[in-house]
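A, B, C and D label the chains in the order they appear, each numbered from 1.
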Amino acid sequence: MSSKAIAIIAGVGPGTGASVARKFAATYPVVLLARNPDNYESLVQEINKSGGKAIGISTDVSSPDSLKQAFSKIEEEHKGASVAAAIFNASGRFVRKPLLEMSVEDFSAGWEVSCKGAFLFSQYTLPLLLKNVDDGSSKYPPTLIFTGATASIKANALMSGFASAKFAMRALSTSIAKEFAPKGIHVAHAIIDGVIDIPRTKEWLKDMPPEAKIGADDIAESYWNLHLQSKRAFTNEIDIRPMLEKW
Amino acid sequence: MSSKAIAIIAGVGPGTGASVARKFAATYPVVLLARNPDNYESLVQEINKSGGKAIGISTDVSSPDSLKQAFSKIEEEHKGASVAAAIFNASGRFVRKPLLEMSVEDFSAGWEVSCKGAFLFSQYTLPLLLKNVDDGSSKYPPTLIFTGATASIKANALMSGFASAKFAMRALSTSIAKEFAPKGIHVAHAIIDGVIDIPRTKEWLKDMPPEAKIGADDIAESYWNLHLQSKRAFTNEIDIRPMLEKW
Amino acid sequence: MSSKAIAIIAGVGPGTGASVARKFAATYPVVLLARNPDNYESLVQEINKSGGKAIGISTDVSSPDSLKQAFSKIEEEHKGASVAAAIFNASGRFVRKPLLEMSVEDFSAGWEVSCKGAFLFSQYTLPLLLKNVDDGSSKYPPTLIFTGATASIKANALMSGFASAKFAMRALSTSIAKEFAPKGIHVAHAIIDGVIDIPRTKEWLKDMPPEAKIGADDIAESYWNLHLQSKRAFTNEIDIRPMLEKW
Amino acid sequence: MSSKAIAIIAGVGPGTGASVARKFAATYPVVLLARNPDNYESLVQEINKSGGKAIGISTDVSSPDSLKQAFSKIEEEHKGASVAAAIFNASGRFVRKPLLEMSVEDFSAGWEVSCKGAFLFSQYTLPLLLKNVDDGSSKYPPTLIFTGATASIKANALMSGFASAKFAMRALSTSIAKEFAPKGIHVAHAIIDGVIDIPRTKEWLKDMPPEAKIGADDIAESYWNLHLQSKRAFTNEIDIRPMLEKW
């Protein structure tokens, strides 16, 4: 029930989302969205215990209804609050299949979340980001960040669904950046080019030194630094890769 | 009822589609797909009268059912025929709107046709293109061409739906190219960067000389030349713009 | 001693240059430039014997003086002739070395030819291409083509000199295209992405089928098709790769 | 006479270079290189007075001899010191001219500094950056940053020399990044896309609010944040533009 600026993170799991949540929670009350509450429950506790403020809301970002409900709850919890930072970190089901073996659902899975979800999330957060421009409740320009991947700029064989969704999200990010930068909103797209070091990837590259993987906390650090940028120096796209990545 | 290789053009209207149909009809029986029969009926007559062979099928490329029916008809009409060239020229509804005024339908309109439609069209044509590699019924490598636009590589403000769909289609094209080139199929993406000179654009740029617009027949010429390329020199992307275009 | 439009090809060796020369010689008298006369002498004979018209001029395209002399000779041989097509196919010495082991000369070798040479060649040919617009001695828009490489868009480790030179040439090509397209000149850049099948690469990829390499004649075919494009459909960039190329 | 890690900034003028120097001087002794001592003298005084440590060396980065002398002086002044950050901010003479009016000198002016200069600067700084990896005298991965421009990715008419030089520098940056990242060096290229707010641009865009120009201090902030990135999250390219930039 405060009018303090908040941060909203969509797509919170054990990797980038959690790290971003912790980082932004040091400054803002955070709202964590994920389909599965398992993905945010312990994190919400952790943040609240350590002096921050967090709530989690089970949300399917590809569903207009689900998002509508989520933002009603946000408005209830944070009455009148504007948004200082909104991070879209959700990603559709990754399907790696020969084109002729893909179902329409396989193909659309990426787009439903990465593109339609990003569009819907933007529609809900942009008015609150604009409100933040007006109420000046944050020191930094309100920021909307999209998490992309190698596939945002490189479409490999067997990756038609995932890559086309990520290309689409990148275009969406640029289009929003051009429309909303003049209104004071900082929109950025991050190309995460490499394996993120999370529990699920523990066995990957395991004979390599730690610098073969991207640190989730390090991504969060970069996102935070994007947020700190002034209106006279917006970065609209960064790439992030570990020292040992081949590219 | 022939086993001759055919060409299939999706998205036939009074512009690029018609020109491409005429050009490829000089060599192959053509199948023209468009939602509205008005868009192909006179063209089908014209081609059949002038010694070519054409049929038109009313098809919504964004609908799996509609495409299924269309390809059943194609199989009926051209029993056992393989496909020498498939051109995807359909484009979703162009919606130019501020992001916050777009409905989900507005935003998805481009993707439904330009990306999902392109995916479905590829799924139906690729087996027939592969068949063409095997039956050798064409002199040239079987070719799958996607018509893109400026928005395929440039996402402007107010164009989030259209641009994200076109970016997505470009990724799809590249992914298919990488998967199917080793199997002998030539996949190409064309960035049509400018106003095409068609009845609908008659009033546009009307104080400018004819070289300010792209000729639809000239696009068709370029597509044909892509088709002629040998397996030792595939072009996977071309841009096409008129002499007087600023870019 | 004719006023017929001619074609000039810089960088004639046993590969692309020779194939381009043969292709354009079927329509235009050709002038072949190469540093080493061994690279054009037999080709000049071959073209002249088979009904074409060719001369060769020993030229270092990175030297303003050498180019000046070459174009004086061209003016002597083809008094008053305009240029229908100019193809810049020269490439600087390829140096693959760790950055710290490169001499300034190693690093500059690529730029001297690929970029400065391309600039000088453009300065000599553009007035003759503009003349061709005026005298209308060719059926097709006068065309200036630059041969690029994978390194034109991808800068790998150990390739700093070569890649920076090729990136530079690509920028030059685009800048010239934008300046001269409105004057009627078609400028195109070709990204040759793969190994060209020439005597020097005979041992490369030798366990692979022929479709693992680019055919030099096939490149020439594509260049010719670029030349045929009308003023209402200029392609400013194409990529060319063999069917079996990974990219 | 210290073994503390230092920062070296090439191309110090009243804009980005000075801001970067001030920013990095808060942590490292700085060495400022510029052709004209007027460009660094008062800044050197300012930094030394305010508790930092700075020296300036008159240097022409396009001259191997001049750079050799500069790095001898650096070794004298900072015996045994390694380099924590090297920023290449020099830019060649900007020549905006029709291609046919450019002299070879006009055309080469950009490359001599932006590309050859960047190459030479890299050759002198990389061994000192590698030394920093070994001596661990900085908390952050040693960093080499190149200042690019809009022209690094967009080649406009009349900008052939400048754009080709900037494209070349970008390729150089990527090639070095790929070679030296595995050795622990962070290489980044910044696309500065807009007018920087410096005395020379005072009259530009003067009817626009301050957010129409890029703040030099804000660029410095971004460069510093690049330097802070860990080995598990290197950004190799950022763009920077003011809120009101059209792109």
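Everything that follows uses one rule, which is that contacts are C-beta pairs under 8 Å (C-beta built on N, C-alpha and C of every residue); 3 or more make two chains touch, one makes a residue touch a chain.
As the structure is a computational prediction, the values presented were derived from the model and not from experiment.
Asker: On the document's contact criterion, could you list the chains that touch chain A and likewise touch chain B?
Answerer: none
Asker: Just how far, in Å, is the C-alpha centre of chain D from the one of chain C?
Answerer: Computed from C-alpha means, the inter-chain centre distance equals 35 Å.
Asker: In angstrom, rounded to a whole number, how far apart do the mean CA points of chain B and chain C lie?
Answerer: So the centre of chain B lies 31 Å away from the centre of chain C.
Asker: Calculate how many whole Å lie between the centre of chain A and the centre of chain C, each centre taken as the average of the chain's C-alpha atoms.
Answerer: So the centroids are 46 Å from each other.
Asker: Please output the residue numbers of chain A that touch at least 2 other chains, ranges allowed.
Answerer: Chain A, residues with two or more chain partners: 178.
Asker: So which chains actually touch one another? I want all the pairs, not just one.
Answerer: A-B, A-D, B-C, C-D
Asker: For chain D, which residues count as touching chain C in their complex?
Answerer: Those residues of chain D that touch chain C are 64, 98-100, 102, 104, 107-108, 111, 115-116, 119-120, 122-123, 126-127, 151, 155-161, 163-176, 178-180.
Asker: So in the complex, which bits of chain D are touching chain A?
Answerer: 141, 178, 181-182, 184, 186, 197, 210-211, 213-215, 218-219, 221-222, 225, 228-247
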